[in-house]
Amino acid sequence: MATENEQQSGIGKQGDADIKRGPLERWVGAAIKNPKRAYRAMFYVATVFFLVTTLFPFYWLLVLALTPNNLISDMGLLPKGFNPEVFITMFERVPFHLYMFNSFVLGLSTTIIVLLLASLAGYVFGRLRFPGRSALMLGILAISYFPPAAFFLPLFELFTGGTDIVLGPVTVSSPDLFNTPAPMVLPFSALFMPLSIFILTTFYGQIPDGLEDAARVEGTTRLGALFRVIIPLSAPGVATAGVLTFISVYNEFFFSFLMNNGEASSWAPIVAGILKYQGQFDTPYNLMAAASIVGVLPVAILVIVAQERIVSGLTAGALKE
Amino acid sequence: ISSSDGGDGGDGGGGSDDTETGTPISTEEVTEDITIQLAGDSRMSDNIEGIREILYDNGLPENITLEIIAGSQVTNNRQNQYQQWLGSGREEPTLLMMDSGWTIPFIARNQIQNLSQALPEDMISTVKDEYFQASVGTATGDNGDLYGIPLFPDFPTMQYRKDLLRNAGYDDSDFETWATESMSWEEFSKITKEAMEANSDIQYGFTFQASAYEGLSCCDFNEFMTSYGGAYFGNPEENLFGPIGDRPITVDEEPVLESIRMVRTLINGEDDEHSLDGITGNIAPEAVLQWTEEPSRKPFTGGDAIMHRNWPYSITINGAEDVFGEDLGVMPIPYGVTEDEAQYPMTGGPVAALGGWHLAMNPNAPDRKKQAAVQVLRAFMQPEAALANFGLQGWIPPRPELLDSEEAQEVDVIGRYLPQLKVAGENAIPRPVTVVWPQQSSQISTAVNAAYAGEKSPEQAMSDLKSTLEQIEQSQ
Amino acid sequence: MATEQDSGDTLRDSSRSGPYVSAVRWMESLSETQFAYFLLSPALLILLVIALYPLIQTFGYSLYADQLTGSSRLGQFVGLENYVALFTGARDFALPSAFLPGFSSSFPFVTGIYSSALMVTLLFTAVSVLFETLLGFVQALVLDQDFRGRRWVRVAIIIPWAVPIVIQGMIWYLMFQPNIGFLVGSQGDPAFLNYLGLSYTPLRNTADSLFLIIVGDVWKTTAFMALLILAGLQSIDRSLYDVARVSGASNWQQFKMITFPLILPTVLVAMLFRTIGAMRVYGIIETMAGCTTVPSLSCLVVTTFNNSMYATSATVAFVTAGLIGIVVSVYIFKFADAEGGF
Amino acid sequence: MGDVTLEHVTKRYEDVTAVDDMNLAINDGEFICLVGPSGCGKSTTMEMIAGLTMPTEGEVFIGGREVTNLPPKDRGIAMVFQNIALFPHMDVYDNISFGLRLRKYDKEEIDRRVERASDIVQLEGMLDRMPDEMSGGQRQRVAIARAIVRNPEVFLMDEPLANLDAKLRVHMRTELQRLHKELDTTIIYVTHDQAEAMTMSDRIAVIDSGQLQQIDPPLVCYNEPANLFVAGFIGSPSMNFVDGEVTEAGFHGKNVEVDFDPADVGVSPGDDVTLGVRPEDVYTEDEQAGIAHPTKRIEATTDVLEPMGDEIFVYLLLSEDATTSMDDASEGMSDQLLMSVDPDSSITEDQDVSVVLDRAKLHLFDTETGEAIQHGIATTTTTSTDSSTPAESDD
Amino acid sequence: MGDVTLEHVTKRYEDVTAVDDMNLAINDGEFICLVGPSGCGKSTTMEMIAGLTMPTEGEVFIGGREVTNLPPKDRGIAMVFQNIALFPHMDVYDNISFGLRLRKYDKEEIDRRVERASDIVQLEGMLDRMPDEMSGGQRQRVAIARAIVRNPEVFLMDEPLANLDAKLRVHMRTELQRLHKELDTTIIYVTHDQAEAMTMSDRIAVIDSGQLQQIDPPLVCYNEPANLFVAGFIGSPSMNFVDGEVTEAGFHGKNVEVDFDPADVGVSPGDDVTLGVRPEDVYTEDEQAGIAHPTKRIEATTDVLEPMGDEIFVYLLLSEDATTSMDDASEGMSDQLLMSVDPDSSITEDQDVSVVLDRAKLHLFDTETGEAIQHGIATTTTTSTDSSTPAESDD
């Protein structure tokens, strides 16, 4: 075909239409012309920039933690004084490890529930076509339009035994779950689920049909294919949904503040623990800062673990198509 | 309990189905072992052993164990928490530590026990007769009944650096005078200015709190205003706690405006468009406009300020040996006009905004627990217990007479400043707490902060505020 | 191969019985629609009880008057009066005060304070979502590279998202607190940012506060974007890049023609939820500058809720949700395009 | 058992009819090849048998049971997918053993079978590779192993050997045939390789545009194609077609004439017919000796020569004005003829040659309908002696 | 220009050496087929030429320029990928026009070219389909169109026709050849189809285990394979091999003897050699007439017959105790011989036959090294008359 001369083709003649490019393209284009080095340099600049901007507030937090509370004023970039005992004091003042444990359990159980239910829903929305799909998705999305306060009162009634449930002839009042994990985990599950459903819908929808077909021919049910093939292949999406959910729960403070009495033994979460340091007027910023640093560690660990999944682009080599 | 079934479309109406909060409680001793939960704060829970000891020493039967739930110290969070607990009729906790600044809305909702009817007469009369009156007022309902036992009051004072003032030529005799005889704002500002000039390395003259928050409307502004003879709702003796919608709104009166001009002068200097004559300017930093207690205290504790208005907790901090020790001076808040010159009773003079906490009882608690709770309350009320708590936790004893006691003077640091506190306590002005106060408070603090910052003229700000407050009053 | 008879793998297989097997068989026999609804049922059930039921109740609340005294939370039935009051400005006194009074009349259906809250919220949303998306995109692209130590860089970039809002508020609050943080000075001793126009009391100044709040939110929430976009990037079949490269695509062209379209659905989901989240912003405002300085829509909901004005709170919540719905519909149309049938 | 029947099966996508009223009866234990041009609906047919695609109309039976709505796992099938579809997150061992693990076979049994299967596909020692670390052919072999490791009633194989080299393909062919014999399963097999279809299958099903054209044993399809389509499709290179007309004397095309009595073959003068002859049935004069019933000589010029090693394809131009267009040679163009000659032949390009056709191997089709009319046109003077009996198989 | 040179190119993955010290010089405008068993490194070689994989060692030159570290886009290549790899989010038109749009061709030019290319691959009317709405073969054709729509210096095509039916494949073959001629580009082409390799390429490069075995014109590879591997690999079915020993009299295998003077062919008595003969060079006695220099008769029994339509493959058992194992026939087993006969042949299964081999078509290999020793063993009495000149091509 096409015997005519193709001027632009061939080695080194790629200088096509530089004129029409926008600044960003030109910038990228320039970086490409000066091979790899410009590109690498750009990359390192970006990396360092992000590292500095994201980590600086943590450094500030560390500065605050190490400075004795009385000296926290007119702060510079270095701690005034050096008071590492604060990391011990913080556990003496408040059983912070218990609060961390509570948050961890709440986060984990919510994440499991959400991932499970949202996986089923994501599979349905991402891979099946059925009447009512769009309406349901919009409905689920709409739930997240509401501020948490809009859910609170009825749920509080429901979870503290204040709602009458009519079961045919008998009417029972709802169980009193105050100070248990349930009145937190359930609302979290419901309120954070829409995000996960949407994430998983997108990811599950992108897995080629061929792989699900192969699994089904090999003898799985549709659900089996979901769990054995689609979910593992969507690992980045699933891990991301999980991390996002977990972190949201870990830090949630509306329901988790009001659905228990704030004691570590009543499943109060980490934020309640941090606020415990605060006195009526005095605020030991150093303790709070130390607690925050400690409190963030489990999430850091979780991210380290989960990222192995997040960065496992796995579809290579699957299909010839 | 059916306190909130409006959503079912039913009996949302006028509050006729109020919970019975007034049944008398048996004062017999409970015989079995019983644990009473008290919703307190983390400071209390840190000191729980000591508190128990105090209570047992003061007649609490050993079979009653007190347990503390350490609620959040972010006070309006705690209020919200209590609203949910009491609003949904939970039985626990039995006793609740309530801010004097928001006990009244709970009374209005019939959510706490009417102690006048439930407690023995002797306890009630002790409170009514012997406690700081301002405190008692904030625990009293429309009907004059008592709903909470003041646990401790809180009064701000003016702290200062004796060492710095000495540099400006003042001496111990002056300090002694100031301790009980308040000075005027004119004098205060002049002295501060002098001290600033005498100590040029000191950054700030006077630090206080003027961020747009509850602390401004309840306290700082309230103090400034009242010290100039102004009031929110006319005569405080009559109108402080109501009747809502049926009282004058007087925030646009001249004394109030003067107090604002005074603050603007302190911050911006005498050539501010709305300065107040006689006040020496430029002694407070603009930063006060975004300071609450702690940020304002930091520079003072850090040695960067001469004068500082704050609550007693900071006296303990600043008077510590490793901070200023004996160099910390304390005096009552300065006045704008004297009591005699003031238009309304309770205004003028060295007023101090009233803070502090009450103990209230959960009406839904089972009778046994209520009985035991009465014992706890009784133990807390003992003068010995109050003094012991003063030592243990820094709770200022709720009865003025106790501030004269020897035991009180022995308390570390703050024991040195009891006369000043007593003056403050006797001149305390409560905030006008009603059910609409939370709404009014945020409008007040915004308006005042804007006026202080010079975004609006004092007249404009206050007349706008007046109409907003009017609407809020009328909405009920 | 394998001549031995194995019964596990034949048609007879389906004649085995047992509750599990028959449950599986029942499930597989459902039509696609039935199967879809069957799988959705647990999620829908929990959403029904934990989300829909309270919303219906709360909507009920919004039809009553506020009641501040007496043990009942609500006053008498007033129908839609609360909504009318809200839109006509008749409820302004009950809400945190206005931001920029000049905007009062710029929205056709909302007046007064509500319009200023709407303004604040929209401004916050537009700016923060824009920056979070852009920065998140770049961060994701950086993290998508293979380089030594990237797992640590990744943690570093994601970790702001893990900071509780209370703490984030504290961090920024202290940084911008005169005499504590170093980012704001005083007249006598201006700090770097003051030269750039930051006031000496930025957290009481609505414009400065909004700016700082946006910066804070971008700092924290960019990670959310980055994480999702990174996941999207990771799911792209790498062989497509080989094809593109051989076809002569420059890096920019690969991005434009392969990467971008393929992660567009993910980006849209991320932006969608970020927009919703931003429209509901509350915590960071409350902890940094306070709702009185920067009243957002959610601020109004929470403030009125905390003031026991449950009916007003419910009303504001529903109006807010409605407004979010309107804003978000933009995405829904986009999403429908990108996904091929939403 | 493993017999598979499609009854009036149709599959329509929005505007495309992929499979059109297909009726197909495959016996238990049979080895059937589906062949047909790209896009004719072979894969779709397989998917419907597997239960992966629901027919728009019609019913599918396996082992006598209606399975139209049965899920794939209950159909007793194993499938090699055209697009291979390995599970990218599993190594080779896990990919192959997937179906066995699902069925909870014990470890040793799985090991044994996987080893056996990987032996057959010559992937020993690669069991712990991930799919993206393998070559295309290796992946395809994993896919085959994954299917043959199980013992289903029916094997569906969609171009399973497409990416394998000739030698391996021959090896796999024998292995599959052995497997077929040993397990006695039904195998439905899609291939584009004529050799595969010819050697392996019991019957070949030729599909065009979603419609079944012919289903018959390989040699029947080759020697007695039911219509023009099958004739042109089976055999590589393709059959030569010459359009023409029936005259009283027999066939009259532009450059080719064949004498016969129209009555003998059931046509009448004036009918438009197409004559078909395979390249190997075109002979040069020198070779003429080998055939019993040659046609008249046809004068031609050689055009392009394609030496294949074991034979040479010679493109003949029949008339002066013919153009070189190898491509259209098989489309009933009367100007060209493809001939296969021995590699030793001394034939060169642009050489004038006379060729004859083997009458016994001529095919006559109705030009309009494409239906076959006659296979093998014996001379009127000679009795039919060809090895294949002429037959009207217009299935 | 488009000449491609690999110098000592090696590619190692962790424990696998995919390409091993490859030296390859491809001239500008040449059409080279890479052939070799599955996994021998063909795709890897292509990827290194394309710049998608970096060689572990060695250098790549295109047009005389070192391009080892040049990105693919600057190499002036177009490629058809073995795994097809269509862009799933683009319709056919967008997929095909991808490279043109990158270069900002104007709309009409793009339209024209896309139409042209889609015509060639016979996808007219499908331009607005999405990849997942197409059959395997259609997708592959899109991939081809995507490459040929551009005019690069070098085309790399990795099994581009694997999923196409025979007829379409023939068509594509001609089209690609035409393209090659018209554009005068270099084409490097991987295929498993012998016919493709034979007909299309200027030279065939035979690769085994990452090492280049022979690169020569197709007929040279066919007739004068450099070694046992090439001999066995090229040609389908494969060449017959008979292991044996050189005696004074010539070749002595278990069932086969060939007389020659060892000195003539450069071997000495006692050497282990392997005799190779292609199936088409095995003749029955009846056919013996056709060849000039037959060997001695070999007695055999026919075993399996594989009719292919245009020929029949006959598996011969040479000794009594031989077992039927078609599979191993080509691996130097002296007990079997594969023969191809005319489809008209009357040969049947289990029939005793005598066969002869064409001496001119015999190949002699060193059993140990596999290197070819001699192609065509003329009798000592006769002067060499074979069409192919014996040559030692041990490249």
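Order of writing sets the chain letters: A, B, C, D and E. Residues in each chain are counted from 1.
The rule is simple: a contact is a pair of C-beta atoms (placed from the backbone, for glycine too) under 8 Å apart; a residue touches a chain by one contact, two chains touch by 3 or more.
Labels paired with UniProt names: A = Carbohydrate ABC transporter membrane protein 2, CUT1 family; D, E = ABC-type D-xylose/L-arabinose transporter.
These numbers come from a predicted model, not from an experiment.
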*Starting at chain B, what is the smallest number of hops through touching chains needed to reach chain D?*
2
_Labels of chains that are neighbours to chain A and to chain E_ = C, D
*Any idea which two chains share the most contacting C-beta pairs?*
A-C
*So which chain ends up closest to the centre of the protein, judged by Cα positions averaged per chain?*
A
_Averaging over Cα atoms per chain, report the distance between chain D and chain E in Å._
22
*Distance-wise, how many Å sit between the C-alpha centres of chain C and chain D, to the nearest whole number?*
59
*For chain A and chain D, let me know how many angstrom lie between their CA-based centres, rounded off.*
55
*Just curious, how far off is chain C from chain A if you go by their C-alpha centres, in Å?*
12
*Residues of chain D touching 2+ other chains?*
71, 73, 82-83, 99, 103, 133-134, 136, 150, 163
*Would you pick out the residues of chain A that each touch at least 2 other chains?*
14, 72-74, 153-154, 208, 219, 221-222, 275, 315-316, 319-321
*List, in ascending order, every residue of chain B touching at least 2 other chains.*
4, 7, 80, 298-299, 302, 304
*Which residues of chain A touch chain B in their complex?*
70-74, 93-94, 153-154, 156-157, 160, 162, 178, 257-258, 261-263, 272, 275-283
*In the complex, go through chain B and note every residue touching chain A.*
1, 4, 7, 39, 41-43, 46, 69-75, 77, 80-81, 84-85, 88-90, 92-93, 293-294, 298-299, 301-302, 304, 310-311, 313-314, 317, 323
*Can you name the residues of chain D that touch chain A in the complex?*
47, 50-52, 71-73, 77-79, 81-89, 98-99, 102-103, 130-134, 136, 139, 146, 150, 163
*Going by the contact rule at the top, pick out the chain A residues touching chain D in the complex.*
208, 210-211, 213-222, 224, 228-229, 232-233, 235, 314-321
*Which positions of chain B touch chain C when the two form their complex?*
3-4, 6-9, 11-19, 76, 79-80, 83, 87, 105, 108-111, 203-204, 211-213, 285-287, 289-291, 295, 298-299, 302, 304, 435-436, 438-439, 442-443, 445-447, 449, 453, 468, 471-472, 475-476
